[in-house]
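Next come two complexes built around chain A: one with chain B, the other with chain C.
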Partner chain A sequence: MEALIGLFGELFGLEGTLALSAAYAVCIGSILGFVTVYSMFAIWMERKVAAHIQVRMGPMVTGGWHGWAQSVADAVKLLFKEDIIPTRANAFMFWIAPAVVFCGVFAGLIVVPFAVGVQVVDLHLGVFFIIAIASIEVIGVIIAGWASNSKYSLFGAVREAAQVVSYEIPTATALLVPILVVGSFRLNDFNTWQAEHHWLIFHSPWLAMAALIFFISSLAGCKRAPFDLPEAESELVSGFHTEYSGMRFSFFFLEEYTSMFVAALLTATLWFGGFNLPFVDSSAWHPALAMPIGIVVLLAKTFFFIFVQMWLRWTLPRLRVDQVMSMGYKYLVPWAFVALIATAVWDYYGWGWLPL
Partner chain B sequence: MEALEMFTSDRNADVYTEELKLNLGPQHPSTHGVLRVELAMDGEIITDSWCDIGYLHRCAEKIGENVTYLQFTPYTDRMDYLASMNNNLAWSLTVEKLLDVEAPERAQWIRALVAELNRIASHLIAFGTYGIDLGANTPFFYAFRERESIMQLLEKISGARMLYNFIRPGGVANDIDDAWMDEVSAFCDDFEKRWVEYNTLLTDNFVFIQRTANIGILTKELALSNGCTGPVLRASGVKWDLRRDVPYLEPYDECEFDIPVGEGTHGTLGDCWDRYWVRMREMIESVRIIRQCIEKIPPGAHMEKSMVKMYKTPLKPPPGEAYVRCENPRGELGFYVVSEGGNSPIRCRTRAPSFCNLSVLDKLLPGTMLGDAVATIGSLDIVLGEVDR
Partner chain C sequence: MLDFMFVFFAAIALAGGLVMAFHQSIVHSAFALVAVLFGVAGLYWTLGADLLGATQILLYVGGVTILLLFAVMLSTRDAGRLAIGRYILMAPVLGLLGAGLLRVYQGVIAISEGRELTLLEPEPTSDAIGQLFVDPHGFLLPFEVLSVLLLVVLVGAVTVARQQQEGTPDA
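Up next is the complex of A and B:
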């Protein structure tokens, strides 16, 4: 961000507010572009992963090589579809819900460090910010379910509210564990710490446990199987977005895939070394080399976790609504607190675990 | 249920919730066709349910009274469209009983062979769609891969993929050859390996057991009093299978096979898991029967000589009545026909297994949750084409 402002000053002679606005526009534009392209790729990837798990080929025709343009074609189709608002629906709420849903997860991306210096804002409370801003999404979903004037939508929205609010507790508690070790909320500090020491997943058994708890509860947060109750197809048709069509519907899709990305990215950054390569010390590299490699490494790790999310979705049956709740409150929450307290004790005495 | 006591729709209680009427169907992904269930919901918990059927009523029985005996055979295909061979078999046996003829020995063995193949195909659908009902989409595609092999095998002998019209009064439409039987035994070898895969994927899955064990418990008494048959009855612990108890074809008398019954492995006897597991084991028993059929099939004619004339001029059975029941994948399918000596029966009635099995649904649902309702409907394995006829 600061670098961009400086760059605009040098290149075009922009100063003050003008440079700031230009820099914001570029940042937002690039993140929006990234989210769109990423979502298309992720949807294509989901179809391919699903197909290969299900002994199929998936899209093979559109665009030539393995149907790479299928998502582009789908997006174009969605853009041209008729935008239907049900007669008895609350039109304004119905209209605003997808935007609210999308804003939350989209805003979370601005604090993510993709590589050294590739970050919009280096917030001191980066982790906290992502968790907090992502909660806005629930409000959008409740609005969508209520405004649709459909019982299935309402069921989906209520399920979503209960599930996401419950699972925020283990998510946040599990996130506190690496924060306790590193001593910072700033996402960049995790990258530096892990470059200097080791990946946090290997730090102690409690951190590995926290990673597992975070990953499971982030699945519930993203409404991914086996916790996809808000949109449980066989029960609720498609839950809170039953009545949506066209571009509004695709916003819910964008939101789902972006929140998957954020969850996978947090797992990669907080536990799996962020943009650092394993066994290689990249701190002395020239920024021009470190930056692209950092981006590739981080994206590779992120896509690995996205793959795991997809893998689970196409393998596991769905839990029942009360089982989802009891899993959250009876297993994940207590164990997340155990991990938190155990880490505090473990690191106070400075015990080691693996020969690192 | 614990949760039911906490929140109640009783307005005199301190904390009460409003009752919500929810229409499950007729257009719904997991009602297996056009079943409509009206649910009274208290939050996620079902307090009452009313089954509404008839959306697929096609007057099949009335049609049977207006067409000739032979012409009705293709209509039976369309009742339980997932097990056409078995429907053809029951109808053919009924007409044969009315005429007092018996199919040749070879025809009986061919009938048993194709009926068991179709039973596997039908149970594969039950297995696959049950996975989808519970949110696991993948088993469905595995099941359809094997079902495709069966459909191709049956297409080779009958010319049709789903609605075969292959077993006809007097015998079967075409003879089968050794090359085809080799393909069937190759399929059997393949299928047994794949069956183990299914169990790894779904049967032993922790989440799957959580969703099905102790859900939709159908007691022995309720099953018997509602006329449940087939896997639904056997899962409740009643060892009743027409193939063993009233053998209607010669091979069922001579072949060795077991009747799987529910044991309450993961929960209570007669729960959804038991019904599912009975079907899974029946597939393996069917493979055993098929293997023995291939081994023991005798040479001879595939169609009764005296019946061939029926295919030229409409046949007029002597006045009388006949009722024959067969063990279909879904239970006992019975046909009752009354003849007055004319071209077509004056009364034609079907006892559909899905219809009787569905009658317990309203008693199973209250007190369970919405997700359980889907699991229960799926475990009854109904075909609406047969319920509504």
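Up next is the complex of A and C:
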């Protein structure tokens, strides 16, 4: 970020606020581009993973090699589709909802460190900011469900809101556990701590439990199967985005895959070493070497967790509404609190895996 | 930069507040309340209270208003047009309250007039707030009392909700 501001100063003679704004615009534009390309890749990957789990081939024709251009073709199709606004819908709310949904999730990405120095803002409140800003997404979904003026949309939105608000509690509590160990909200501190000590997943059994709780409840937060009640196709047509078509519809898709990415990224950064390689001390490396390797390592870990999310989606049946609620409130929330309190006690006495 | 952000968030909050107060449909008012709370959270952030701003977004924008929207959307028909006539008697009371608030602002402006403003670079506040919460001479007692109060409220709400369900088979 600072390097970019300096670069703008040198190249175009920009100073102060202007250089800062230009640097932000470039950073956010590049993240936006990355998210778009990533989503197209992830949709193709999802279709291939689903197909292979169900012993099919998936898309094979478009683009030649294993149908790699299928998502690109889909995106072009969505761009050219007619943009329908239902007659009885509330046009302004209908128009603004996809933007609100996408912004909430996308804003979380600006505090994520992809490698040493590859970060838009090194925010002190990193993790907390991601969780807080992601909760805006629910408002967008409610707006979408209400403005569509369709009962399927409204049911989907109500289910989504109930589910996401409930699962914010175990998500946030599970995130507090590594925060308690490292003693900071800043995402970079997690990377340096894990480079100096060990991956947090191996810190104590409670950390592993917190990772599991966070991963399960983040699945519910992304509305992924087995928690895909808000868009249950067999019951609600397609939930809160039933009435949407064309580019607006694709914004909901972008949001879903971006929130999967953020959840996988948080799991990788907070528990699985971030951009650090296992058994290799990369702190003394030259930035030109550490930067690309860090990005590749972090993305590899992230895509592994995205793969696990897809794997779970295509192997588990959908839960019922009451099962989702009892899962959240009777199992995840109490165990998240147990992990939090147990970690406080364990780290106070400095125990490892076994209390010796 | 900070000045611009302050004006930006203040504009969001003000515009949301106007829509909230004057829109006929109560659902629109509730959505405008989201904008107000978001704008105020941004103001907190620009003024250096980053933890407060993020907490405001997490709890108020992402939690409380959703419950409010639930109540409004599920309990009113046809987006609930407000019958303003019924509340016309409240107007003098609210007017007096508004006048009182204006007087307070006047006092604040009178105090701060002519003083030099020194803008400091905002520092992270989370460490200090965390220390205050566990400090026996700080806010440990109020914090614990509030937690117990909230727990009592939670148990009470569950009890009330379960009593109303009696007679229906337990799910």
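Here, the second predicted complex is superposed on the first by the 353 of 356 C-alpha atoms of A that agree within 3 Å, B and C clash if a C-alpha of one lies under 4 Å from a C-alpha of the other, contacts with A are read in each partner's own complex, and residues count from 1 in each chain.
Definition applied: a residue touches a chain if its C-beta (ideal position, glycine included) is under 8 Å from a C-beta of that chain, and two chains touch if they have at least 3 such contacts.
Here the structure is a predicted model, which is why all the values come from computation and not from measurement.
Novice: Which of the two partners, first being chain B and second being chain C, lies in contact with A:131: first, second, both, or neither?
Specialist: A:131 sits against chain C, while chain B stays out of touch.
Novice: Could you look at A:165 and tell me whether it touches chain B, chain C, both or neither (first, second, both, neither)?
Specialist: second
Novice: I'd like to know which partner A:156 touches here: chain B for first, chain C for second, both or neither.
Specialist: neither
Novice: First (chain B), second (chain C), both or neither: which does A:322 touch?
Specialist: In the superposed model, A:322 contacts both chain B and chain C.
Novice: Using the superposition on chain A described above, determine whether A:228 touches chain B (first), chain C (second), both, or neither.
Specialist: First partner only.
Novice: Now for A:113: first (chain B), second (chain C), both, or neither, which partner does it touch?
Specialist: A:113 contacts neither chain B nor chain C.
Novice: So chain A touches chain B in one structure and chain C in the other; where do those two contact lists coincide?
Specialist: Shared contact residues on chain A (touching chain B in one complex, chain C in the other): 322.
Novice: In their shared complex, at which residues does chain C touch chain A?
Specialist: 1, 4, 27, 31, 34, 38, 50-51, 54-55, 57-58, 61-63, 65-67, 69-70, 73-74, 124, 126, 171
Novice: Spell out the residues on chain A that touch chain B in their complex, using ranges where they run on.
Specialist: For this pair, the touching residues of chain A are 50, 53-56, 151, 155, 225-226, 228, 232-237, 314-323.
Novice: Would you tell me which residues of chain B are touching chain A in their complex?
Specialist: Residues in contact with chain A: 3, 20, 22-23, 28-30, 44, 131-138, 140-142, 145, 201-202, 205, 207-208, 210-211, 369-372, 374.
Novice: What does chain A use to touch chain C in their complex?
Specialist: Listed in rising order, the residues of chain A that touch chain C are 17, 20-21, 93, 124-125, 128-129, 131-136, 138-139, 142-143, 146, 154, 158, 161, 165, 168, 172, 185, 322.
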